[in-house]
Amino acid sequence: GGTAGGGGGNAAEGGERVYVQAIADDPMGLNAQLISGATPSMFSAQILDPLIFLSQDYEMTPGLAESWELSDDGLDLTLVLREGVTWHDGEPFTAEDVAFNFEEIVPLQSFGAQIGERLESAEVVDEHTVVLHLSEPFGPLLETVASQFMVPKHIYEGTDYVTNQANMEPIGTGPMVFDSYSSGEQVTLTANPDYWGGEVQVDRAVYPIMTDPNARAEALFAGEVDQASVDVSQQGRVSDDPTTLLLEESNFPQLVTVMFNAQSEYLEDPAVRAAVFAALDREAIVDTALSGIGTPANGFFPEALEWAVSPNVDFSQDFPRDVDAINETLDEAGFERGADGMRFTLNVRYINELSDVAATVEMAESMLEEVGIGIEMQGTSGAVFTEKVYTESEFDLAFLRSTVGADPSIGIVRWYECNDQKAAAANPSGLCDPEIDAAAAEALATSVQAERGVALTALQDRAAEMMYYAPLAWFNGAFPTINTTRWQGQDEPTSMTNRMPWTTMTMEG
Amino acid sequence: MTTAVNQPVAGTPLIELTGLNVVLPTGERSEVEAVKSVDLVVHDGERVGLVGESGSGKSVTGRSIAGLLPTSPRVRVSGSIRIRGQEMVGAPARTWNEVRRKTVGMIFQDPLTFLNPTMRVGRQVAESIPDRRLVRSGAGGDRTARDRAVFRFLRQAGLPDAEQVAASFPHELSGGMRQRVLIAIAIAKEPSLVLADEPTTALDATVQQHVLRTLDETVAELGTSLMLISHDLAVVAGMTDRVYVMYAGRIVEEGPTAQVLAEPRHEYTQALLRSVRSLTDQDTDLYSIPLALRQRFAEEPSHVA
Amino acid sequence: MLLEAIDVSKTFRSRRSSAPVHAVQNATLQARPGEFVAIVGESGSGKSTLARLLLDLLDPSEGSIQLDGREVGSMDRTERRAYRRSVQAVLQDPAGSLNPRKRVAQAIGEVIRLHGMARGSAETRHRVTEVLELVGMEPAAAFMDRFPHELSGGQRQRVLIARAIALDPRIIVADEAVSALDASVKAGVLAVMADLKDRLGVGYVFITHDLPVVQKVADHVYVMRHGRILEHGPKDEIFANPSHPYTRELLAASPALP
Amino acid sequence: MKARLFHYGRLLLSSLILFIAVITVLFFLLEMAPGDPIQTLVGDVPLSEAFRAQITAAYGLDKPVWERYVLYLGNVFTGNLGFSFGTNNEPVLDLILSRAGNTLALAVPAFLISTIGGIILGSIAARTRKRWLDGGISGGAVALFSVPNFWFGMLLIMVFSIWLGWFPTQGKSPYGQPGIGFEYLVLPVITMATSELAYKTRIMRSSMIESLGQDFVDTARSKGLSSSHLLWRHALPNALLPMVTVSGYSLGYILAGSVLVERVFGWPGMGLLFIDAINRQNNMVILGVVIVLTVVIILVNILTDVVYGLVDPRLRAQFSPQRTLPPEGRQDRQSDEVAA
Amino acid sequence: MTQQETHMVPPPETDTPAPPDGAGSPPPARPDAPAGAAGRRRPPGTERSPWRVFLRKPSTLVFLPLLGLFVLIAALGPLLVGDPSATGNAELLAPSAAHPLGTDHLGRDYLARVVNGGQISLLVGFTVAVLCMTIGLVVGGLAGYHGGWMDTLMVKLAEFFQVLPGIVLALVAAALLGANVFIIVAILSITMWPAVARIVRAEAMRISQLGYVESARAAGFRSVRIIWSDVLPNALPPVLVATSMTVGRAILIESGLAYLGIGDPSHPSWGALLNSAQAYMRDGWWLAVAPGLCIFLVVLAVNMLGDALNDAYNPTVGRVK
């Protein structure tokens, strides 16, 4: 350890049990219902509760709803709520709150909007029962409900939801209570003494904001913080140090993907796109750019989603890195090498803050050069990336890291579906493939898993033919790393992704 | 040990330069012999002029006497400078300070730049008053005594409005007033020698006249010696008893002012006078010293005593 | 030919202080070829400003500058060229009236070319030689390729005069052209100027505060103070019989050899 | 006196115009910039139309540009710098003020150290001109002036934090504790102060040399005053004049430079806030930080002018801005020195 | 110091002021000595051309070759060191014979990256300086000579960039407009030219007061011609000094921006290398040392040369009045 004067926030004062987790940036909000992003979601997961918990293995367990039942036609979802739950400000949690959420807040959320479109009414049956009436069946209904945090009606009703103070100082029903936030410095939470899920073993949680990855690593190795997300480049040290551990559990997997602009003059031809994809050495990317954390992608869906993965797609066979074959394909497509040995130059966009993606792009530069493709790297802020890639289609290739999400239909399919509105965070290729759109619609319109699996398989098979979006690697490097010197048991997965096992973790000494 | 500095000593001249050479650096690796084996004497109570054309070494000679040559280590002085008989070439800074504090008061050419712009005039004069005088007057350096002395010197230098002048900053005064402040600074130590280097070239003809008159009167009143440096023969003519003529770093002629101007013996002096007269006399033709003559002066300087 | 200032005033409005400076007020002055007009006066009295007005380097705030009855400010191109040629300037030397980066031949030659007084480099060079010899810089070839800093003060001032007369001017406006020079050099330059007046009929507007010199060379004298012309008249009249007290003071102040 | 009031009137007016110009340029620059701030706010997920409309309305983005501009400009003069995106309801001014203290905690010591140090070192160097001490000081000054300060900071971290473990690498206090820890302050202040110190030493040295070469020093010498009296009583007051201007500018550079230094040391000041805002296209915060910075710089400029007028008696009556340039007026630096 | 030493003193004509010659007398035969030799007369105090003084200063002797070396490496180095983007070596190798500067976190040869990065840094530095000098000369010259609205506008612009710190503007603009080399150069030039223009303006104002400019106006030359042939050539020395400083500042600012992640990732400059090096300060300290040292040395060289140039043009040896 190198940093002096550290070790502040632990049990020092009066045996207070403090958990310290460094976060990478100033949160723009703590209510993930309104502001998405890793940091707000992480905080919401500690402070707020969803109705249903969804684990990283896509397992559903009761949250604020003790039980739920979907009618056979998939149109009515009955939710029976937990009794005796109170908001952090002492008000009781009731069916009114839930109905309010579905009518007012959920439609604003990116995925909840899909429910909002189909919701006819949220009927309050009694104080602890709510029935959602839909106009049409919605495949990933429960998964979507599971990703909605409940916020209090009495705080939000009649206010401007966007600027409500509670977005920054959320009032929820979860194990941790918002305590304070000072910009650029830290966020603190305290234990919820009335948590319905058991006794919280931590008195206070402190989240210092440390933008520099190096500093986070140093602090973590020194034991000054108990948890931090550490750059992939430091993962070697993490595995060498017996006290530190990368938390690969309790989160939805992340993936590093490449997106093609099918309207680019060089990439119109699916064969060329396939050749470019094949030229990207996924093993090497995982080994070097991602420091070996993660696995090269072999198909479009993560393997955990067994029911949805197409058996027909195998990247290692469909897109092997066979330099000669790739060269041949490119020659045939009419892109002969020029005098300088290059065929064409691609404009590559990515968000430069995502250092693992940046490293991937830098490796891709060398890999593509080998087959005569030059790249012009355009690493920008997220805002510019969004505008250039999604809205203006000013790119040839784009690299991104994103998460799989609660259900393929909400987390994955949007990257393949037609996106003629040029919406952000959805298929930017400019391609609208009727086959894919049909499959996607089918998967959305039924709640029967087997049927959805068939539709999704068709989608994947077609995606392999068209090749305009594909994962390069499943990647856990962006997950937090913990130091187990002080606290134990933080690595145990909870039933909810992103939530710490507050009730079971224990502190040494 | 140094108390003798300001007391006249019978038989020793106040200032005595013998074989003075001054070499000044002019660039990275070149230098100029600004003063070449100059012999010059100033006695107590005497008024001496130093004339010569621009660049002939008058100022350097004057500054050598006050120890005010540039501080660069590349400045080389050889020969002898005796002040009240004490050898000053190679003397330590402390000795020079002593001389400057008590014996030699200097008046410079440009009255604006030679006054500190950020300091009130009164303080600048006060700094020049050696404490001993105040101690002697029993005031022990107390403020009002000092102030009174300052006012006295300012008045003596021809500034009757002394209180107001003392409270001013230099830029608030006219050129003539500033020049008088410089005179006040020079006489405030009641020096044995007032050394004035072109004290009026920056001034108007009318103002020049007033300032020169003031200088003349003050020096007469204090009975100190005066060394007046100028390239204007007319100025020197009216103010001095004896004159030295310099050319290209050397003294080429020396003698009573009236005599030198009336019957110059050195060819250069003759030529110079001729050209000066040619400018003022209505009837003579304009005369400029021919180049051949100048080259000769520069090459084979002859001294006429 | 006649160059005149008719009732001109020049007021400078400083940006920084609110008080305007009346540098020249209602001055009237006439200059002719072959005549030596001197302007004397204390420092800051507006002499240089008046000279600049005569040279059309400043626009008058009031009144006008006229050449043969034509107002300088409203001249057309050709008239203006003629004015620029016939009225020349010789300004004070020490601040550097010669561009340090131009050789003598270039400094004079470019003016000759500009006014089409010679064509081609041979002809230009010939003209440069001519004027250099006119001002007594012989052999001209020895000076042509020197830079200003390779000349003595007197030579530099003569190059300026040579440049001015290269255009066959009728009037030369000289602002403190000899003030900074040694008595001997001053005499030399004045001799050249007087010679040109006699031989070529050049006229001068000569600005100085050196009264003996004025007495020596001038034909007509103007006395200025605080921006106004106090009095003017033929030299002998002014010197013999100054009407304004300031003029008397000025005359009395200049020291003279016994 | 009247002239002086007139002068200040003009100064205030032109400062005001400058200020408005800065706001205007930046406002429209940000307006023109690519990127959708609303999308950035929500994150990299699809955005429902309803929500987009709500956000647009909440932040008043539905009004036409010029209307927003006029509104903003009006608000600025009432101290309302708008609201930060995301950290809901947090007025930009509060946000900035909550960070300003941290930046000042670095800037003020850096300013004092560099100014006082520069005066002392520069004077010493000027006095011992052409000897080894001067050589050392001026050589060191040029060297430090040429070091990229963020790299210098990185080196300090590498040596003093990582290898020697004397100081923490990042942050302003132990985690979870309020306030500022002294050991946290040391390295960033040193980093911030060095290049300014180097610059001021250089200015002071040359201004002192110039001052010592002035004619009035000869007058002082002719009084027989001791050389230390000459240096401190006569040369120094005059040599200090350019330092007034340089110091005035320097506070601005230090503040602008905090962007880099705070980034290196993870110091939660205005600089970090600014970078953060740029990365997230938090336009109101970008504007707000620049406005606060501009106001400070303008105020310091005015203050400099006032101080200058007080220090230089010549200016009590008249003004000549030329004189306010440092003697090395040649390199009157623009703001950009921050990278130095 | 006892006897007179004349060995160092050049012939009298060189340093004693040129004796003015009399009216009508023949001028001295011009010495036939070659230009620059001791026989040539110069204004007192500057007996040697500033360039020669500059070229002989010890700091010039050290830093001019150093800068030259960097320029040479930037110009030719990339042809010698191989592909800076080629991955494939082991990652984070310490410096060794095969990789004199080690390898980076993706296994790329760091020497190749530093050499190529230098190309960008120097390109930015020199291009910005040249642009600033050009704009500065034109605008500053016009403003200083003409005054009036041009002058007012220029002064206001300069004030604008003084009040709105360049790096702040650059940060905003580059972050928003994208950050390729051209944009960076453009932004830096836009924010930095007023500094040069101010100096040109001050010089032009000073020179415009001089006799030769007034003479040229009186002779009837047009102002463009006067600015071009009289004002600018004489304003050049301080402008060159300022320009040399601009090179250094541009490099520093560019590296600062790149360090903040605002730069062209396809062509990483030294600053960009430092940006990625920050994550490896523990395991790959050499990654942070080499580029930083390069920036330091280049900027130092440029500043030293600027100082030397300044000294050469403004010798500090005083004159006795």
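By letter and in written order, the chains are A, B, C, D and E; residue numbering begins at 1 in each of them.
Please note the rule applied: a residue touches a chain if its C-beta (ideal position, glycine included) is under 8 Å from a C-beta of that chain, and two chains touch if they have at least 3 such contacts.
What you see is a predicted model; the values in this text were computed from it and never measured.
Visitor: Measuring between Cα centroids, what's the chain most distant from chain A?
Guide: Relative to chain A, the chain with the farthest C-alpha centre is B.
Visitor: Looking at chain pairs A-D and C-E, which one is connected by more C-beta pairs in contact?
Guide: More C-beta contacts join the chains of A-D.
Visitor: Per the centroid of Cα atoms for each chain, what is the distance between chain A and chain C, given in Å?
Guide: 86
Visitor: Roughly how many whole angstrom separate the Cα centroids of chain A and chain E?
Guide: 50
Visitor: Chain D to chain E: how many Å between their CA centres?
Guide: It comes to 24 Å between the two C-alpha centres.
Visitor: Could you state the distance in Å from the CA-based centre of chain A to that of chain B?
Guide: 89
Visitor: Give me the residue numbers in chain B that touch at least two other chains, ranges are fine.
Guide: Correct list: 54, 108, 110, 286, 288-289.
Visitor: Which positions in chain D touch two or more other chains at once?
Guide: Expected reply: 34-35, 162, 215, 263, 278-279, 281.
Visitor: Identify all positions of chain E at which a residue touches two or more other chains, and write them in rising order.
Guide: Each of 17, 19-23, 26-27, 46, 175-176, 278, 281-282, 318, 321 in chain E touches at least two other chains.
Visitor: Which part of chain E faces chain A closely enough to touch in the complex?
Guide: Touching chain A: residues 83, 85-88, 91, 105-108, 175-176, 178-179, 261, 264-266, 278-283 of chain E.
Visitor: Can you tell me which positions in chain D touch chain E when the two form their complex?
Guide: Per the stated touch rule, the residues are 14, 18-19, 21-22, 25-26, 29-30, 32-35, 142-143, 145-148, 150-151, 154-155, 157-158, 162, 209, 213, 215, 249, 252-253, 255-257, 259-260, 263-264, 274-275, 278-279, 281, 286, 290, 293-294, 297-298, 301, 322, 325, 328-340.
Visitor: What part of chain E is in contact with chain C in the complex they form?
Guide: Answer in residue numbers: 17-24, 26-27, 29-30, 40-43, 46, 209-212, 214-221, 229-230, 233-234.
Visitor: Provide the residue numbers of chain B that touch chain C in the complex, in ascending order.
Guide: The touching residues are 53-54, 204-206, 208-209, 212, 231-235, 237-238, 258, 261-262, 271-273, 275-280, 282, 285-289.
Visitor: Okay, in this complex, where on chain A does chain D touch?
Guide: Result: residues 1-9, 18, 20, 22, 25-29, 34-37, 40, 107-113, 116, 160-165, 167-168, 181-186, 188, 206, 208-212, 214-215, 218-219, 224-225, 353, 381-384, 386-388, 391-392, 400, 402, 414, 423-426 of chain A touch chain D.
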